[in-house]
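Note that chain A is present in both complexes that follow, paired respectively with chain B and with chain C.
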Partner chain A sequence: MYVAGIDIGSIYSKAVILKNNQVAASLVKRTGGEIRTISHRIMDEALTPLGIQLEDLKSIVATGYGRISVPFAEKQVTEITCFGRGTAQLFPDVRTVIDIGGQDSKGIKIDERGRVTDFVMNDKCAAGTGRFLEVMANALEVNLEDMGPLALQSESPEEIGITCTVFAESQVISLVGEGRRKVDIVAGIHQAIAERIYGLLKMLKIEERIAITGGGAKNIGLVHELEKRLGTELIVPEEPQLIGAHGAALMAMEMAMHRKGG
Partner chain B sequence: MAIKELLNRFNAVVTDPYSEARSRKEQGQKVIGWLPTDVPEELIHAAGAFPVGSLGSCSKIRLADTHLQVWVCSLMRGSLEMGLRGDLDFLDGLIIPQTCDTTRAMVGIWRQTSLIPYIDSFMMPKQVKRSSAREYLIGELTRLKSNLEKVTGNLITNESLGTSIKLFNENRQLLRRMFEIHADHPGLISSREVYTVIKAAMYMDKVKHNGILQDLIQAMKQKAARSIDKSNPKVRLVISGGVWEPPEIMDLIEEAGGVVVGDDMLTGMRYLSPDADEKRDPLEALADRQLNKIPFAGFDNQNYERRRFLHNLVRHTEAAGLIFLHLKFCEPENYDYNDMREALNSAGIPNLRLETEVGNPSLGQIRTRLEAFIEMIGGDPIE
Partner chain C sequence: MSEPFKTAALMKELMAKYYDLGEESRRKGIPVVWVTAVFPVEIIYAMDLYPYYPENFGALASARKVADKLSMAAEAKGYFNDLCGYARCGIGDAYSLEHPVGKILSPDLLLCCNTQCGSLPKWFEAAGRFYNKPYFLWDSPMIEDETSDIKQNYLIKQLYELIDFLEITTKRRFDINKLQEVVALSSQATALWNDCLEMAALKPAPFGFFDACIHMAPIVVWRGRQEAVDYYRQLKAELEARLEKKIYAIPNERHKVYFDHIPVWPRLRWFADMFAANDTLVAASQYTHAWAMNFDPARPLETLAEHYPHQFVNRGVDYRLKLKMDFMRHYNCDGFILFSNRSCKPNSIGLYDKKRMLTEMTGLPGLVFEGDMSDLRFFSEGQIKTLFETYFEQLV
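And now, the complex of A and B:
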C-alpha cells in the first residue's frame, strides 16, 4: 500500500512516498510559482520511478504553509504536528524538535508517540529563519551552502546586534564596507540567528533529547551555535528537510489503515 | 424571522457602523462617541444623547502615523486615523477612557487634531480593590455627568439615569442569554456571529437592539429544541485579551475546528457584565458596576484575580484550552502574559498566544498556530 506526504514550504517543497511504512521515494524541490502546479509536478516526479500514479496512493496528507492549496490532498495537517510525528518515528527518544524552515522557526515539544504537547513559533518577521540566512548570503555574495562551514572558521565573530532582517542586512553591508573579514561577519550572523532561536526556545520547557529539522539543520554553523547555547548535542537527521513530509506520510498511512480497519 | 435574517441585520450595522448615529445627528440629537473600554454609556443616554462606540476598525493608516510612535497599538491608531480622516466629524463629543499609557496620552492628541468640540477623558481607578476607589469613581462619574449636561444642555436626573440603566441592563441580560444558548449549543450560530451581535450593540439604539435580540434568542431556542444531534465535534475554547480583531480571526478559529464558548474581551464579556443595581442611587450603581467588572489587564488588583478568573472560566465553560488574542504593543496585556501563562500551565490548561492587529487580516502564520493548537488539544486528528 502506497501513501504520500507532501510538505509545501515557503522556499522548498518536499514529498515522501511510503510503501508499508518504508520510505519508497522522496524529493525536495524549490517551491517557486504556483503551488497547485508545483504540488502536481513534485508528486509526478516522485511517483514515476516507482511506476505508479497519483490514483494508486491510498491517502495523501499535505502540510507546510501551502498545505491548503494542494488540490489532491485528502487532509491538511500543520507542519507542527507533522514534524512531531516524523521526528518520533526516526528518533523515539526525542522530546524537543527545533525546526528551522524558510519562513518560520519553531520549537515543538513531543511525547513518546510524537504527539505535540506544546510549541512556539516565531512572529511574522523573518529573523531567525532560513530566509534571513539567504538574504545575508546574498548580501555577502557567499553560497548559502558555504555559510555554515565559513562560520566555523572564525575566531572573532562580529557583533550583529540587530535581528531584524532589513536592518541586519544594512549592518552587514556596512561591516563589509569597513573591510571586516567575511568569515567573522558570517560567524556573527550565525550567532545572531542562534540567539534569536534560543530566545524562542526558552519559552518552552526544553527537554532532551533535542533534534533539529528543516533546511536550517543543514547549516553546520547554526547547529554548532545552537549546541553551544543549549549545552547539548543536537540530533541532525540525515534528510532534515524531509521530516515534515515524512510525518505527513505517516499520518496518511494511519488514515488509510483506519479506513481499512473501520 | 429566520436566524439568518436576524443576524444579517446585526451584520449590516457592523459593516456600516455609524449610519444610526449619523441619522440621529441629522434629526438634531447630540451624538457622543467613546473609545474602548468601560465608558458608562448610560450617562450619555440619560443626557438625551446617542452613545456610539469607536472600535478603530480601519485598515489603511496614512494620517495617524504623523502623530503616533510605532509602539501605539492598532486599536488606538485606527481610531485616530478615523478621526483625522473626518469619519467621526459628526460626533458632538468623544470620551476616551484612561486604561493604559497610550490611552492617557491619546486624549491630548485628539484634542489638538480633532474637530470634535468636546473631548473628555474618563479616569478610572487603576487599583479597583482599594477602599478609596469607589468614592473616587463616584466623583469622576459626577464630573463626567456635569460635563455631559453642559454639552447636551439636558439635566441628567436620577429618574432619567435610572431609566437608562434599566434599558442597558436589559441589553446586557439579553446578550448574556444569547451567549449562554450559544455556549450550550455551539454551532447554532457561528462564533463570529455571536460576537458580531455584541459588537452591533455598541453602534445601535439599545431599544432596537433589544428587539431584534429577543427575536434571535427565540429563534435560537427553537432551533436548539429541533436539533436532535446534541454532539458537537468542535473544540471548545476560551479567548482572552482586548478585542477580537481582525474579525477574520473568529472564522479561522472555527475553520481550524474550534468554537469560542467564553472570553474576557472588551468587545465580549467585559461589555455584557455585570448589571448596574437598579435599586441603588444610579451613580453609585454605575460605580459599583465598574468596580465589579471582570478582571482586565488595564486595572491592577494585587490579588492576581485574573489568573483565578481565567482558570475558573475555562473550567466552567468546559473549554479544552485558552487562546490569548493580544494586540501588538498592548502593554498591559503583554506584561501580564507571563503570569497568566504560568497560571494556566500549572493548572494544566493548554494555551496559545496570538499577536493580532486591528485592520490587518494577513493571518497565514496565525492560521498555522491555531490549527496546530487545535490539533494538539483536540486529540488525534486522524480519528
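And now, the complex of A and C:
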C-alpha cells in the first residue's frame, strides 16, 4: 500500500512516498510558480520511478505553508505537527525539534509518540530563517551551501545586528565595502541567526534530546553555533528537509490503515 | 460568530443615536467630553454632558480596515508606528484631510484615567494641546493585589477635584442624587451585560467572545443611561429564547478556550470563522468582562473609585494570572490564547512566561500569537493561521 506526504514550503517543496511504512521514494524541488502545478509535478516525478500514479496512492496528506492549495490532498496538517511526527518516528528519544525553514523557524516540543506538546514560531520577520541566509549569501556572492563551512573557518567573527533582514543586509554590504574578511562576516551572520533562534527556543522548556530539521539543518555552521549555545549535540537527520513530508506521509498511512481497519 | 441577532437592529439604532447626540450636543453648546473606556463616565452623564470615546473611534476605524491609512497620517507627523493603534487612528484623523469613518469629534474637555495604560494619557495630552482644550487626569496608582486606604482616599479625593474641574469649566452644577441615579442605571446595565457573558459557560453556548465584541458597544458608550439597560435586557431575552430554540454561537461546539485580550478588529470575522471551523468557542476574555462591574449606588463616588482603577490592566502579575485561571475554570476552558498585541504593551509583557506558568498551574495548552488589534500591516496571515491550526491539532 502506497501513501504520500507532500510539504510545500516557501522555498522548497518536498514529497515522501511510503510503501508499508518504508520510504519508497522522496524528492526535494524548488517551489516556484503556482502551487497546484508544483504539487502535480513533484508527485509525478516521485511516482514515475515506482511505476505508479496518483490514483494508486491510498492517502495523501499535505503540509507546509502551501498545504491548502494542494488539490489532491485528502487532508491538510500543519508542518509543526508533521515535523513532530516525522522526527519521533526516526528518533524516538527526541523531545525538542528545531525546524529552520525558508520563511520561519520553529521550536517544537514533542512527547514519545511525536505529539506536539508546545511550540513557538518566529513572528512576522525573516531574520533567523532560511530566507535570511539566502539573502546574505547573495549579498556576499557566496553559494548557499558554502556558507556553513566558511563560517567554521573564522577566528574573529564580525558583529552583525539582526533585528531586521534588510538592515542586516545593508550592514553586510558595508562590511564588504570596508574590506572585512568574508569568512568573518559569514561567521558573524551565523552567530546572529543562532542567537535569534536560541532566543526563540528559550521561550520553550527545552528538553533533550534535540533534533534540528528543515533546510537550515544542512548548514554545518549554524548547527555548530546552536550546539554551542544549547550546550549539547544536535541530532541532524540524513535528509532534514524531508522530515515534514515524512510526518505527513505517516499520517496518511494512519488514515489509510484506519479506513482499511474500519 | 452567531447568526445575526434581532437585537443587532436595536444596536445600530442606538449607536446612530449616540453619534447624533454628539453632533446635537455640539450644536446646542453642550460640552463634548473625551473619556477613556475605563473611566467613571457616570459623573459626566450625571452632569448632562456628552461623553465621547476616542478609543471607540479607533476600534471602529480598525474594524473598517482603515487604521493603516489613518496611522500613516499620524506617522507623517512623527508619531511612531509602534504606538497604540487607537491613538494612531485618533491622531491621524485629526491631521488628515480624509475621514474614512467620519471625522473624530473634537473635544471641549478631555478626561483620562491611566488605569488602562500610559499611552492614553499621552494621547489625550497631545490632543489637549492640539485642540487647545483643558485636560484632567484621574491618576490611579498601580494596585498590585489588595488596595489600601491611602490609595482609595487618593482616588476619591481626585474625584472631588474632577467635579470641581467640571463645575468650573462647564459652569454646571454637580448633583450627588443625580449621580446615584446614574450609577444605579450603570449597575443594572453592567449586571445584565454580565448575565449575557455568563451564557458562554453553557455547553453548547448561545453566545461567545466574538459576539460579545460586537454587542459590547452599548455597554461602553451608553453605560449610565436607560438605553444600555434596555439594550441588554433585550439581548438577554433573545439569548434565552435562542437557548430554547437550540440556536448556538457555533454549529458544533467541542472545545472552549479563553482569549486574553482585545480582538484583532480588522480580522474579527476571520478569527470567528477559524475558531468555528475548528469547533472551538472562545468563551471569555478579561477584555469584554472589563465592563461587567457591580456598583453600589448608595455610595456613588466610593463605588466608582473602587471599581474603575481595579481593572485587570492596573493589577500585578499574580492577580492577573489568578484572574485568567478563574475565567478558565468558570467557563470550563480546554485551553487559552494570549494575544501579544503590538498596540498594547501593558497587556503584552511577559506573555511567554505567563503562558508557561498558566500551563503549569492548569495543565491546559496555551498559545501566544503576535499581531496588532488595529493595523493589518502587523498581521501575518500565513504564520498566524499555521500557529492556530497547530494549536487546534493539539486540542483534538
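One rule holds in what follows: the second predicted complex is superposed on the first by the 260 of 262 C-alpha atoms of A that agree within 3 Å, B and C clash if a C-alpha of one lies under 4 Å from a C-alpha of the other, contacts with A are read in each partner's own complex, and residues count from 1 in each chain.
Simple rule for what comes next: contacts are C-beta pairs under 8 Å (C-beta built on N, C-alpha and C of every residue); 3 or more make two chains touch, one makes a residue touch a chain.
Computed from a predicted model, the values in this text were never measured in an experiment.
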Side-by-side fit of chain B and chain C on chain A, or clash: clash
Which superposed partner A:Tyr12 touches (first chain B, second chain C, both, neither): neither
Chain B versus chain C as contact partner of A:Lys75, first or second or both or neither: first
Chain B versus chain C as contact partner of A:Tyr198, first or second or both or neither: neither
Touched partner set for A:Tyr2, first chain B, second chain C, both or neither: neither
Contacts of A:Met251 with chain B and chain C, given as first, second, both or neither: first
Partner chain in contact with A:Asp104 - chain B first, chain C second, else both or neither: both
Touched partner set for A:Asp123, first chain B, second chain C, both or neither: both
Chain A positions touched by chain B in one structure and by chain C in the second: 65, 77-81, 104, 115-119, 121, 123-124
Touching residues (chain side chain A, partner chain B) in the complex: 65, 75-81, 104, 115-119, 121, 123-124, 251, 254-255, 258
Complex interface listing, chain C residues touching chain A: 352, 356, 359, 365, 368, 370, 378-380, 382-383, 386-387, 389-390, 393-394
In the complex with chain A, residue positions of chain B that touch it: 350, 355, 362, 364-365, 368-369, 371-373, 375-376, 380-383
Parts of chain A lying in touch with chain C, wherever the complex brings them together: 65, 77-81, 103-104, 115-124, 203, 205
